[in-house]
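See the structures that follow.
Both complexes below contain chain A, partnered by chain B and then by chain C.
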Partner chain A sequence: MQISKKHMKMLDIIVKISIDSASRAFSKAIKHGALIELARTELVDVSEITEEMNNDFREMAGAMLQLNGALKGKLLFMIPFEGALVLQDYYMCSPQGTSTEFNEYTEATVQEIGNILASSIGNSLASDFGSTVLPTPPQVICDFAGTIFSSLILEEGIVHDKILLIEAKFKIYNTEIDCYFFLLLDIETMEESLSKLEQSTKGT
Partner chain B sequence: MLPVVDKNIITVGVGDLKIDKSPKTIKTSLGSCMGVVLYDNKNKIGGMLHLMLAKCNDRAGKLSKYADTGIPLLVDLMVNKTNANKKMLTAKIFGGAKMFNINSELFDIGKSNAAETKTILEKMNIRIVASKTGGTKGYQISLDTETGVVRCRVFGGQAEEY
Partner chain C sequence: MKKVLIVDDASVARLMIKRILTQNDFTIIGEAINGKDALVKYKELKPDIVTMDMIMPEADGIQATKDIIAFDENAKVVIVSGIDQKEMLAQAINAGASSYIVKPFESDRVISTLNEVLNN
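After this line comes the complex of A and B, so read on.
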């Protein structure tokens, strides 16, 4: 699996704009500031990245969905259980500490946040690439961090030893809560989209 | 994610394998993947394979991703690189959960991973002394290379020793 340096650079800029847009949509949804602590676009080794993830034995809730259309991929929003409860209170405009146990409302909150992030990222990518990106409804998974992440990369990981992964970490302002966001792009459709974008900018 | 500070803990990534000896602990998280733990009780050498699929079917890439190529590779490395005694090796297997809610036997990767793992180990005359497979939730396993004990926790449950 190869991706040119030029395309990687282009993708990095596009992704940073998308993540920034997603971060603003996220902040708006929870009515609280979310700061991007890390945003990176890398071609990573499946075993190495999952080794890193498997170090984290925390229990988390994740919203996973697929991006279809001209640009294909998968998206995962993941948050530790205790963070999801805080998120739920923000989202429902309840005083902090109202939500004390993970239930269907917490699950719905995580699902909705996944939806909001996917729509924001999808719109941003579609706008930059001049193509359509259609997200599927999010599936909520509650499990260990490593297990949820493995579910995201399983299909790609079987076919390839390396995957193109976009990772962002959000910190909710004034809290100790970290949220993790991953975007796994299909190299083939992404290369096509980047080539088209490259051609169209040459003409301008 | 969270960095590991203990140098005695080794983590295995998806489709990978790790081998070490006492006093190290080898750990991983599993979903539909299988964790194959081999242990030589005499030399206190342990190996852990995190396989993704049952059969390689001539796919390119790492052999440790598949049961039919990964298990022989793990045995080979343990015997030839770390001087484990093949006759002393015993196996413990974990994982193979049904992580995706699809009503088809064909898509139950976890089940076929578990079945193939048992077949390969049997063919290689390696006795399975403990196993916990199936379900719909993830597993966390860690092997103590000093004792050979595997601590296994299924999501939502208590840790058990095997």
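After this line comes the complex of A and C, so read on.
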């Protein structure tokens, strides 16, 4: 199934609004200013993006979950270990540098950030599409970036040559932490939802 | 001091709620990590109030609330969730939840909501 240019533009706007909402929720959760910058929204070749991620040899923690309801998809939040430790200190209200080793609390921090992002994006999409979009509980994976990313696209890669990829980076307070955030939307439900949205806005 | 059971699959979220409540004259009587565990702990510990996450493995917060209310019709359950969608709010209230707090939350909001539910 092909996604039209018009729908791609609509999606780009909806994603920007969702990311802004996620930024606010994230800032509130860590009680510090955080900015999620949208890097790209595009249809990409599965093979190209896999190669790109496989060339990143950093060890990372990822929270992966599914979105169900009016819009189906998968979401992956991925952060290098050292960045996760910084976030853990923010979350635990500890002075920066307190957390030095990746442990169960680091994992739980990544899990909770995945929860907040997914809920926030789900809420925003549900509001736009006038229905329900619910996340599943996140699954936390610790591995190399390429391996984590592969588990995200494993099933989609079998069915599709191209995937819709939304990539964003995080900037937190006065620290820049490279975090990655991928939203892999099911093109069929996305087209349906965008068409409904288009029809509903025609009457306004 | 009022006894609270905290239900959330994320340990960080449980820790944050615990920190807020213990600083405000509540006693944390127990913690549960999913909906099934919540019912078991509720029966065992008989808390005055429950804070319940919505999205959890095993049984979700809506099911757990229904199960707890079926066991004790006077149970006080407050949903604490990142989900801010009308349909889910309606489902939570229909399940028997007394109130709903959207995550991320302010400490004051948690305290005032729990006090309000307990006093009613």
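By our rule, the second predicted complex is superposed on the first by the 199 of 204 C-alpha atoms of A that agree within 3 Å, B and C clash if a C-alpha of one lies under 4 Å from a C-alpha of the other, contacts with A are read in each partner's own complex, and residues count from 1 in each chain.
Criterion: a residue touches a chain if its C-beta (ideal position, glycine included) is under 8 Å from a C-beta of that chain, and two chains touch if they have at least 3 such contacts.
This is a predicted model, so every value here is computed, not measured.
In this superposed model built on chain A, chain B and chain C occupy separate space and fit side by side.
Of the two partner chains, neither chain B nor chain C is touched by A:175. Applying the stated contact rule after C-alpha superposition, one finds that A:28 touches chain C and leaves chain B untouched.
By the touch criterion defined above, A:119 reaches chain C but does not reach chain B. When both complexes are overlaid on chain A, the residue A:136 reaches chain C alone and has no touch with chain B. Using the contact criterion defined above for the overlaid structures, shared-chain residue A:48 touches chain B, although it does not reach chain C.
Of the two partner chains placed around the shared chain by superposition, chain B is the only one that A:154 touches, whereas chain C remains out of contact. Closest C-alpha contact of chain B with chain C, superposed model: 14 Å. Listed in rising order, the residues of chain A touching chain B in the complex are 46-59, 141-148, 150-151, 153-154, 157-161, 180.
Chain B meets chain A in the complex at residues 1-4, 11-16, 27-33, 52-53, 59, 61-62, 64-65, 99-100, 109, 137-140, 155. For chain A in complex with chain C, the residues that touch the partner chain are 25, 28-29, 91-92, 104-105, 108-109, 111-112, 115-116, 118-120, 122-123, 126-127, 131-137.
Taken together, the chain C residues at the contact with chain A in this complex read 9-13, 15-16, 55-57, 81-85, 87-88, 103-104.
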